[in-house]
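Paired with chain B in one complex and with chain C in the other, chain A is shared by the two complexes that follow.
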Partner chain A sequence: MTSSSTQSRKVLSKIAQNRLQKELAEWQLNPPPGLKHKITDNLQRWVIDVSGAPGTLYANETYQLQVDFPEHYPMEAPQVIFVPPAPLHPHIYSNGHICLDILYDSWSPAMTVNSICISILSMLSSSTSKQRPPDNDRYVKNCRNGRSPKETRWWFHDDKA
Partner chain B sequence: MSPAAALSAVAKQAELLRQDGNNCFKKSRFGAAIDAYTEAIALCPNIPIYWTNRALCHMKKDNWERVEEDCRKAILLANGSVKAHYMLGLALLQRTEYKEGVKELEKALDLGRGANPKGYMVEEIWQELAKARYLLWEQESSHRSWELQTLKEACDEALKEQHIMDSSKLEGFINEADVGLMNQLKALEGVFRKAAEQDIPSEVPDYLCCRITLDIFRDPVITPSGVTYERGVLLDHLEKVGKFDPITREPLDESQLIPNFAIKEAVQAYLDDHGWAYRTD
Partner chain C sequence: MEKQEEINSNPGADWENFRDDDIMLQHSAIRDEQAHKILFLGDKEPLSALAAEYQSGSSILLEKIKLLDEKYCAIRRTRGDGNCFFRSFMFSYLEHILETQDKAEIDRVKVNVEECRKTLQSLGYADFTFEDFFALFLEQLESVVQGADASISHDELVERSRDQSISDYVVMFFRFVTSGEIRKRSEFFEPFILGLTNATVDQFCKSSVEPMGEESDHVHITALSDALGVPVRVVYLDNSSCDTGGVSVNHHDFVPCSLSNDGSSGLEINPYITLLYRPGHYDILYPK
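The block that comes next holds the complex of A and B.
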């Protein structure tokens, strides 16, 4: 079975490096509210602390997002997962995989880490119930061996939660 | 043998010599390649590619004078040769003729974009051009900053001297005169700071940057949605991600892209005033 997370990762292309450096500089200059990125030497993996917005089901809770960039970012979406324990949410699986169209079929190179994180934060904020997706157990079982969520065939039948 | 047949036999012989040269070049035998191209040139001196190929070998051997000679010859034969203008530009930069060198690289870039906007040559030429422009800015800005500093010191001195002269006449108003001098010196400081502002590296305004590269535009194109992107990455997007406008998600085809000359001119005007923005790393 192929698995992108166990394959040796390719180094970032020149375009990807340039772009990530710009995103990083912008992030440092204008850090988005509710999000904290500990800057490391590793440009290819960002780990971001996400704090639930006040007045929502996730207030006072903090989760970690792990963002891995492919060689040809931004022509390809980054892989974005929650580091377990993942927030209880109808579109977030217990292994940290997130069902959000912009991370897969609806990716556009005009999106940035910043805009992805804001989408995820607003997905948390608009949630009305803390529960796992109905197919959580089946999905997580299928993902053993460290399969990437980018290899999943997602169907985004419910975009409103 | 008829004259025409003899001519074509000569041309064939020259072509064979060029192929010999190319083979030597591939094996990094640059001296041998130069000999082959020289023979080809002796047979057919009007074929520009023989000259540019030989120039490339001279470049590999760091023989920049010969690079310049061969490129100038090639340009006389074919003014539209990207490689000739490119290598001539590099040769001029080598002998620190920055302004002329930059001009040649710009010409090469324009020609290269016309031929193949996504080609490796275009990226390579841009890198060299940006490097040279940045160097030029470093030189000019340090000269400007030295000039301003000298002028400011002279102005400071003049104000202080005048103050001493005035205060010897206006006995009893010393305090007011002191405050006046302080204010003048402060205002002068402000004027000079303003004058140096353009040479202080800061952020390129967002409206001059592509929303995909996040970098200052080089070859901007506008879509029917009215959004401007860097041509190279937008073509990449249309090919690899999908046929839609990355921001508005409206359907988009390569044939709908139009060069955005206004933005291109705005970028050039900005770069002319803020040479530090040529920094590529």
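The block that comes next holds the complex of A and C.
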């Protein structure tokens, strides 16, 4: 489904390239637990294996995150989605879109791919039920034209939303 | 949860709320659209341009603008995109350096910038998250010093402040500096933050300081002024008046703790950055 592949993607700015190379080097030096970056020569798209933490609802399950970087990363947020099949979670839609404020309005260049992945992993770990958001079908239908989650007007109720 | 869908799927949501939320979103969309019609930084305008805005409006405001006219000669507007305080600060500061060529001030502020760098490092920020923003600010600071190959004119400073690829990065530099200062002195800032929101210091920095477009208030101004050691005067223009019916224009000076604590308290501090605050927005004011 990968909505981003249908969009015309601009090449990374110099600052973005430079920054991502440093993030990648740091990641390889100190790989975050439960997360595995698949080595490719594509700096603009990272694919990351996420392993559910032991003792949580997602233990022994592995999912794939796809992170696409815009031209002006890190001033602009990366696009982060789960490659379907996405984990069953109250804030993760079946098309892989994730309802998490730091991916949209609350993004800041002070964050990194590493810190985002850790937030997503902790969102999984704290889940108490394996289910889709109540509006899943409608939302996914609206996204059939390949809409990016960054174009969605998200409405974050509270830290649980 | 996604906005539109949430309404239809949540049986608890009543239509009253839905409308308010929806109108709020519409308003913010309109505001965003309006904001983008205005440059990041406008041209210098006489104060009469400010009065013209309120011609058919509040007489209190018009009277206050008359008072402002005695002390100030011009205003320079900034875009109302949530970054107006930082952008006003950026331009005012660099313009001041360009006009005064104050080498001692440049040396002084560079020491503070290096302090800020160490603060962020000791707070656990990875260098690569902030170093590009620091480098870009220092580059602007160097370029307003005249007589070097890379020196820029006043016009070029205005242009750069309107160029997103420079202007936004300098704004972000200030956001890093502000966040670092608040976190470093979290005990000092905590009560002020609790007065504004229910957030912890960490939550406040993450949600109200570090993301672009988040508006500033006295916590941000205090922190930035303290961290860089730069005093800031904020002149308040609002509809308030005294009980006696008299009208006066209030201002507040943010004096960095490094200046107010060093025993020179008898000394009058005259901030060279003056901002005009109207509820929700900062512009630059020029004293006569």
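Following the convention adopted for this analysis, the second predicted complex is superposed on the first by the 154 of 161 C-alpha atoms of A that agree within 3 Å, B and C clash if a C-alpha of one lies under 4 Å from a C-alpha of the other, contacts with A are read in each partner's own complex, and residues count from 1 in each chain.
Please note the rule applied: contacts are C-beta pairs under 8 Å (C-beta built on N, C-alpha and C of every residue); 3 or more make two chains touch, one makes a residue touch a chain.
Predicted model only: the values in this text are computed from it and were never measured.
Asker: Should the superposition on chain A be reported as showing a clash between chain B and chain C, or a fit?
Answerer: clash
Asker: Between chain B and chain C, which one contacts more residues of chain A in the superposed model?
Answerer: Comparing touch counts on chain A for chain B and chain C gives C.
Asker: A:R19 contacts which: chain B (first), chain C (second), both, neither?
Answerer: In the superposition, A:R19 contacts both chain B and chain C.
Asker: Looking at A:C99, would you say it contacts chain B, chain C, both, or neither? Reply first, second, both or neither.
Answerer: second
Asker: Kindly classify A:R153 by the partners it touches after superposition: chain B alone (first), chain C alone (second), both, or neither?
Answerer: After superposing on A, A:R153 lies in contact with chain C but is clear of chain B.
Asker: Which partner does A:K38 contact after superposing on A: first (chain B), second (chain C), both, neither?
Answerer: Touch status of A:K38: no partner.
Asker: Looking at A:D135, would you say it contacts chain B, chain C, both, or neither? Reply first, second, both or neither.
Answerer: Only chain C is touched by A:D135; chain B is not.
Asker: Which holds for A:R144: it touches chain B only (first), chain C only (second), both, or neither?
Answerer: Neither partner.
Asker: Under the contact definition given at the top, report the residues of chain A touching chain B in one complex and chain C in the other.
Answerer: Common interface on chain A, chain B vs chain C: 15, 18-19, 22-23, 26, 72, 74-75, 107-110, 112.
Asker: Flag every residue of chain A that touches chain B in the complex, lowest number first.
Answerer: Of all residues in chain A, those touching chain B are 15, 18-19, 22-23, 26, 72, 74-76, 107-110, 112.
Asker: Under the touch definition given earlier, write down the residues of chain B that touch chain A in their complex.
Answerer: Against chain A, chain B makes touches at 211-215, 233, 236-237, 240-241, 244, 246-247, 249.
Asker: What residues on chain C touch chain A, complex-wise?
Answerer: Touch residues, chain C against chain A: 1-6, 8-10, 21, 25, 125-126, 128-130, 132-133, 165, 168-169, 172, 175-176, 179, 206-207, 210-212.
Asker: Of all residues in chain A, which touch chain C in the complex?
Answerer: Chain A reaches chain C through residues 13, 15, 18-19, 22-23, 26, 72, 74-75, 91, 99, 101, 105-112, 133-135, 138-139, 142, 152-157, 161.
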